[in-house]
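Note that the chains take the letters A, B, C and D in the order they are written out, and that residue 1 is the start of every chain.
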Amino acid sequence: MNSHTLWLICRRFGAGVVTLLIVSMVVFAITAVLPGDAAQQSLGQFATPEQVAALRLKLGLDQPGVLRYLHWLMNLLTGDMGQSVSNAMPVGELMAGRVPNTLMLAGATALVSVPLALILGIGSAMGRGGRIDSCLSFITLAMVAVPEFLVATLAVLIFAVNLGWLSALSYATDITSPLQFLRTYALPVMTLCCVIVAQMARMTRAAVIDQLDSPYVEMARLKGVSPIRIVLRHALPNAIGPIANAIALSLSYLLGGVVIVETIFNYPGIASLMVDAVTNRDMALVQACTMLFCAAYLALVLLADLCAILSNPRLRNQ
Amino acid sequence: MNPLIAKSRPASSALALAKVSGNPSWLGLVGATVCVIWLLVALFGPWLAPHPVGEVISDNIFEGFSLAHPFGTDYLGRDMLSRVLVGARFTVGLSLVAALLASFFGTGCALLSVVSPKWLDEIISRIMDAFISIPSKMLALIMVSAFGSSVTLLICTAVISYIPGSFRVARSMAVNIEALEYVQVARTRGEGKLYVACREILPNMLNPVLTDLGLRFGYIVLLLSGMSFLGLGVQPPDADLGSLVRENIGGLNQGAMAIIIPALAIGTLTIGVNLLIDYLSSRRGRRSGGH
Amino acid sequence: MTQLIRVEDLRVVAGDPGSEVEIVKGVSFALEKGEVLALIGESGSGKTTIALALLGYARRGCRLSGGVVQVGEHDMLALNEKQLQGLRGNRVSYIAQSAAAAFNPAKKLLDQVVEGPLIHGLGTRAELEAKAIGLFRDLALPNPERIGRRYPHQVSGGQLQRVMAAMALISDPLLVVLDEPTTALDVTTQIDVLRAFKRVVRERGATAVYVSHDLAVVAQMADQIVVLNGGQILEQSATAPLLKAPTHEYTRSLLAAARPDTGIRPPCGVAEEGPLLTITGLTAGYGNKNLHGMPAIRVLEDIDLTVRRGQAIGVIGESGSGKSTLARVVAGLLTPALGGLTFDGQPLGGSLSERTPEQFRRIQMVFQNADTALNPMHSVANILSRPLKMYFGLKGAALQARIGELLDLVRLPRDMAERRPNELSGGQKQRVNLARALAAKPDLILCDEVTSALDTVVGAAILELLRDLRQQLGVSYLFISHDISTVRALCDDIVVMYSGHKVHAGRRESFAEAPYHPYTDLLIHSVPELRQGWLETCGATHGELPPIGERANLPELCTFLNRCPVRVDGLCNRTAPKRRTLDNGSEILCHRDGADLLATQRGVTTTSFGAYA
Amino acid sequence: MTDHKDTPELISGPDSLRVFEGLNRGMSRRNALQMLGLAGVAAAGAGSLFGSAGKLFAEEATAGGKGKPGGKIRVAGMSSSTADTLDPAKGALSTDYARHYMFYNGLTRFDKHLVPQLELAERIDNVDATLWTITLRKDVTFHNGKGLSAADVVFSLSRHKDPLTGSKVMPLMEQFAEIKATGPNEVQIRLSAPNAELPSILAVSHLLIVPEGTTDFNKGIGTGPFTVGEFKPGVRSVAVRNKNYWKPGLPYLDEIEFIAIADEPSRVNALLSGDVHMINEVNPRSTTRIAASPKHRVVDAPSGNYTDLIIRQDQLPGKSPEFTQAMKLLLDREQVKSAVFRGFAVVGNDHPIAPGSRYFNTDLPQTVYDPEKAKFLLKKAGMESITMPVMASPAATGSVDIAVLLQQSAKQAGLKLDVNRLPSDGYWSNHWMKHPLSFGNINPRPNADVMFSQFFQSKAPWNESGWQNDQFDQLLMLARGETDDAKRAKMYGDMQTLVHDHCGIGVPVFISNIDGVDQRIKGYDSNPLGGFMGYMFAEQVWLDA
């Protein structure tokens, strides 16, 4: 880590803050048009106008939107993410309950999907244009061509209902053995892999092929280096940048894009928390979730760029 | 910021995009055929449908193949063939329109940001970053809650979700082209920004932009099917292919045609489009490599 | 002696099965042990393809379709991939054109040097590393023990090329293939690399095939020369007879084009007295600006320059000297940090938005790379019509007629108007590029390395065209090049730049004779001459540089200090140099006066240009 | 998510459904009459209720000892979110109710025939059905060890009248003019008008008893059979057996993990794969799957729940009686019953009283599907070829499918309907009753009076179709004051006729509750109030593993 990298991180941090601000404004603007508000929503179908008015006053919803936004922003600056209006818990606490779950699922999925994608991508890059390549590219395509919820439901039907090998639900607090972990996480991880592996594998393939076309790879071949060694020792280290980027994009999907999987497997993650928040018009929570997704996305992309820098001595030693 | 890093991400993805390819031509042919078939279905399907799309024609739900109902019946006892024929128009049509618009706006913003002063470029980039970081399904959910579910809204949502991606690819390409000497020549000739963007830069990035458009089409087909899970989609009795899968999911355990057919339809559509794109981009790669 | 290398009727095809095109059409040659054979030809002649075939390798899309390639006891075309793997980097090794690209940027040099022999089991890592360090030393690399621990980007181009030579030689191969190993280097660097190569090849008695487009370089290295064109051998003989009495017409044209200034002279009497473009105290650069508005990376420092009406000024310097930046500033693509531009008496705005349409019209720029300078999506007519419509509002028949005239002017057939750039050859593209500039009827054309990317013969033709146009139209040129002979062929005045400074400026004639600025001296004498033995006798960069003490922390110190053979301790390293005018009218930026310089430069200068014609 | 139904249920009396239930189960006519008689006594004047009403069903009375203690089960409800609450006042979803019954007790409790049984109340006396005195049990303690006292009851009931509590039953509580403690174990309630149904009102889940001064409800301190082991809104709750429960021998289970799976196929899959032991809100189409599994069974119960077509009477085209009539004729009830609900429904007759319930008007002719007549009527109204949007939403069970079927039938009558499927989110607040044609969904209101007052009275806030009928309003008032049951039945019958003939709602079917249960779960029964045994399974079931 040197001053240049530090400067990069600082700059990104600044840009990230701006991006977050834009996100919060966009989210606020859209949610401002949402019909009904937290008071209406929490009192339900048969609420009387007096009740709604009283609750609105209590929650401060009677203030103009801009004022509420600024208020929220001020509080955020002091580290207070606000309170969830639907159940009066601090937003931070609600999030803290869900974030580990999301990270767990994302982590497990990443552990499976990233190596798989790398193997698929590198495999097809090595056999570029050949039968293996066509085959793998077809498989990865087919994997992504089936709607997520169908994969998930089908998988549950086969592995949980008919075979009874795996669990149809994924939230278990009492995981004691690795086998149990496997039983619980296998299905959602499998479903998510289907969604993200293809993209990563394709980008890996492209990045590796990009390097395989470079003069230094030709040079390595002319030194008598074997194809496998060329890919692993020469091309791959230089392809880390774009691959890390593809991985970062896919992993950011694992945080916010998994609402379907969370629903089907009844997994309490951040995505379903946000769906709840939208339904309950729980603005502080919606904002916090969006901020988190956005921050995670930016962090992942930054991490990918740092990977690219660290894997590249030219950038590393600048 | 180091220019190498600043550019490495989009440039590499654009490059990668161009190189995500290389399948033999027969696969491309298969892709092209599938795409043409689906296009025809989308154009003429509704007229070929033997039954009105919402009519319950059988007391039996999740029927299998029969001469009267080649694709069986759905969860209410409606003719699946008719529903798929009509549904294809929605899926293909919506995705196509959304993909075209997303590419149009994405590319437009990219061109704008490339010929604009740095501060405007920065603002556009930040806004795009902001939108790309909001998960598309969440955005869809909020949008539908706010504005109700309609075809226009579905398109809007898909467009907003995919503009940033299109923007990124287009911008990285445009930045590279902008640095080329013929653009510099045009600038030193005193050409306006509009001319530089539309006449000098745009024609040269059209091919990758079209490739990107195809990829986005595939993504949008899948996004729409994902949105059907969240209860968003075209208005009944019509249904896009994703909604058809979703509404008939109860027939999954009995392997009903009502779920297999639309799932296959989505599969063939996305795979077909991808194969075609791969083929086209690999051909383009070879062509430009030949010189 | 026995033939070590025997190539017989080698054929290579390219393209898809079914539509293959033969790109090497039955080439045969042979080479004895310890000999160096040169393959010479222009781009597309098949020289690199043949060189790679010596390793049994064909690039993607190509196929070795027939013939025999015998290297020692191995028939390279009969072996399978596994066996070839065993030979490459072991018995046959390769030195690529661009070392910067051919080294893996993510690995340390030493690891890459010993990788091949390690795989081939030629020794333990320690032994091989020791051997590599020995080779580094032999190749005159600085700090041979440590340089291997660096990454490619931390080493200069010339040094990398030498490291690559070490990589090729470490396995004591039967054959070394050198593919344009010095083409990407500046001339002043090239000479050191050539010397190092030559010494190592001779000392080790290596057999080598040297691929190049440059006859002068080949003359220094090769025993045998094979002249190739279009995948066929046109002429093949020992070096000396070939240089003296080339039999084939094509070889003669190659020889003639090698030094354009021997055939082309600038026209006389075109230049007028009035200044067209005046540059005063120009400082410019890239990167973020600091508090004083100065850019982080300064590329140009305090440049003064005047281009008179009808005059051609040549700007030369090596890569990084700032010469292209100068053109960009004049074109308005880069806003200067300090200093001003005056064009025909009017101030010329620093940025594009400050310039008038008339100024846009009167200054035109022609870029180095015709491939990227023409929009591939526009037809030639389209490209040419845009400035005509824009500046003169031409339409219809008048427009067509003018396009025709312009094509005539650059000596292209009129029917080319409907073609797209990618249907044109490199030379044709450059002519279209020129025609587009001429369409504006400009007063000043900025030519940025317009001939550098072209083959020598084609480049010479373009130079001739430029000269004739100047005579015809009285247009001024700011002609930028790295090649002093090209500049001398076209320009009245010459400016030498070194790391952003104008170190030497003078009339064309003053560059014929010492004294020069020490850098100009180095530059002139680094250009290889078309005679065998030049490399051994030329004086440039021979010997140790005079020792100097610690440098004063003064940004204005002479930038050439580190390489200067006539530097003076206590003067050059302590105080800034000043501009002085020499007797022949030239202006230099140096501490040494004319007499000093003359004394040091006379002693080693043995030739003047034109002697070999 | 798709079936997000945030409809609170206002249950303020047992009468209609308990009879309906009884008749369905083959209860003798005499028994039924006897039961009605008892209720009649309670309503007629001064009287007391101490378990007598329940004696008829003594064999089913709640008593410990017959089940097997121990075991843990996992239960999946249909939806949950971060708005999940353990505050009884705020309960909005079936998941909330089920949880509340785990941790709290009410003063009374519905049995499976919807008869209110004494729970925390030991005795309930009244004077003119206006002044009620409730005597509390003395041996009851809260989970935190505090004994139950009158102050707790006063607190629990009074808080609903504060708008800030956000109570779902605030309108219902307006009739509670005064609530005060008259002794350590005695509470007096003065109603603003006579209401004999108070014991059943007190059985509503929202009126479960919490300790006085409770502000943090997440701990779930109550007197119920289970204590809170864990409660994470939107995630799960774990209920741990309350060892000191005041009902001896109860509950049986050691632990209940309660989660929610919004996606119906996933919910059924979770049941079938053995991951959960019971689920509710099973789609009729999934019943075959559950029934096919030897390890599981389907538990279904007809209920008073209906999804209705709302034709606003205060705007065109609903203003035209012909149009309204035509729309009712266009509802193909048999098709709705078979295609949408796969037979798990009872055909309705455009009024809210389910067939077989008390006061159900058997003489009223059934509206049948008749597109020809509808066409004629539309023509008469001059609306034979208009295009109308219909609002439907997954929020109103089955409404989207019913709308599609209606659309097809309407086509035959020349009417073009555009079905607008709206997301569940925000449907009730923004679309329900706000369009000329829309769908609603009304959960059981076991009492005809409450049903009619809330949804059909001219000035009722939820008068769905904006129907104004003076005759109906007068009848409603008269019926409330009428103590003669026969006269009352006649009045309710007339009101049904009025609604059937003139009101702007079409009730195609009454929908059954369907639960899916693991065979090892014993003691499980159905309850017309809702799934999960009327949300009260926790105390009653045991695991026979």
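FYI, a residue touches a chain if its C-beta (ideal position, glycine included) is under 8 Å from a C-beta of that chain, and two chains touch if they have at least 3 such contacts.
Molecules present, by chain and UniProt name: A = ABC transporter permease; B = Peptide/nickel transport system permease protein; C = ABC transporter ATP-binding protein; D = Peptide/nickel transport system substrate-binding protein.
Keep in mind it's a predicted model, so treat the numbers as computed, not measured.
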**Report entry** Most extensive contact between chains (C-beta pair count)
**Finding:** A-B
Query raised in the report: Which whole number of Å gives the spacing of the CA centres of chain B and chain D?
Result: 45
**Report entry** chain C and chain D, separation of their C-alpha mean positions in angstrom
**Finding:** 89
Requested in this report: Calculate how many whole Å lie between the centre of chain A and the centre of chain D, each centre taken as the average of the chain's C-alpha atoms.
Outcome: 41
Report task. Indicate the whole-number Å distance between the mean C-alpha point of chain B and the mean C-alpha point of chain C. Result -> 47
Report summary line: Touching at least 2 other chains, the residues of chain C are none
Report task. Would you give the residues of chain A that are in contact with at least 2 other chains, written as numbers and ranges? Result -> 34-35, 153, 157, 161, 263, 275, 278-279, 314
Report task. Provide the list of chain B residues touching at least two other chains, using ranges where the numbers run on. Result -> 141, 145, 230, 249, 252-253
Query - Pairs of chains in contact (touch as defined earlier), listed by label - result: A-B, A-C, A-D, B-C, B-D
**Report entry** chain C residues within the chain B interface of the complex
**Finding:** 61, 331-333, 352, 355, 357, 360-361, 363-365, 367-369, 372-378, 386-387, 390, 422, 436, 440
Report task. Name, in rising order, each residue of chain D that touches chain A in their complex. Result -> 1, 4, 6-8, 10, 76, 81-85, 90, 92, 163-164, 166-168, 170-171, 218, 232-236, 259-263, 265-266, 269-270, 272-276, 425-426, 428-430, 432, 461-462
**Report entry** Complex contacts: residues of chain A adjacent to chain B
**Finding:** 4, 7-8, 11, 15, 18-20, 22-23, 26-27, 30-31, 33-35, 128-129, 133-134, 137-138, 141-142, 144-150, 153-154, 157, 161, 202-203, 205-207, 209-210, 241-242, 245-246, 252-253, 255-257, 259-260, 263, 271, 274-275, 278-279, 286, 289-290, 293-294, 297-298, 301, 304-305, 308-309, 314-315, 318
**Report entry** chain A to chain C touching residues, read off their complex
**Finding:** 213-216, 218-226, 229, 233-234, 237-238, 311-314, 317
Requested in this report: In the complex, go through chain A and note every residue touching chain D.
Outcome: 34-36, 40-48, 50-51, 53-55, 58, 84, 86-87, 89, 94, 97-98, 153, 156-157, 160-161, 164, 167-169, 171, 263-266, 268, 272-273, 275-280, 282, 285
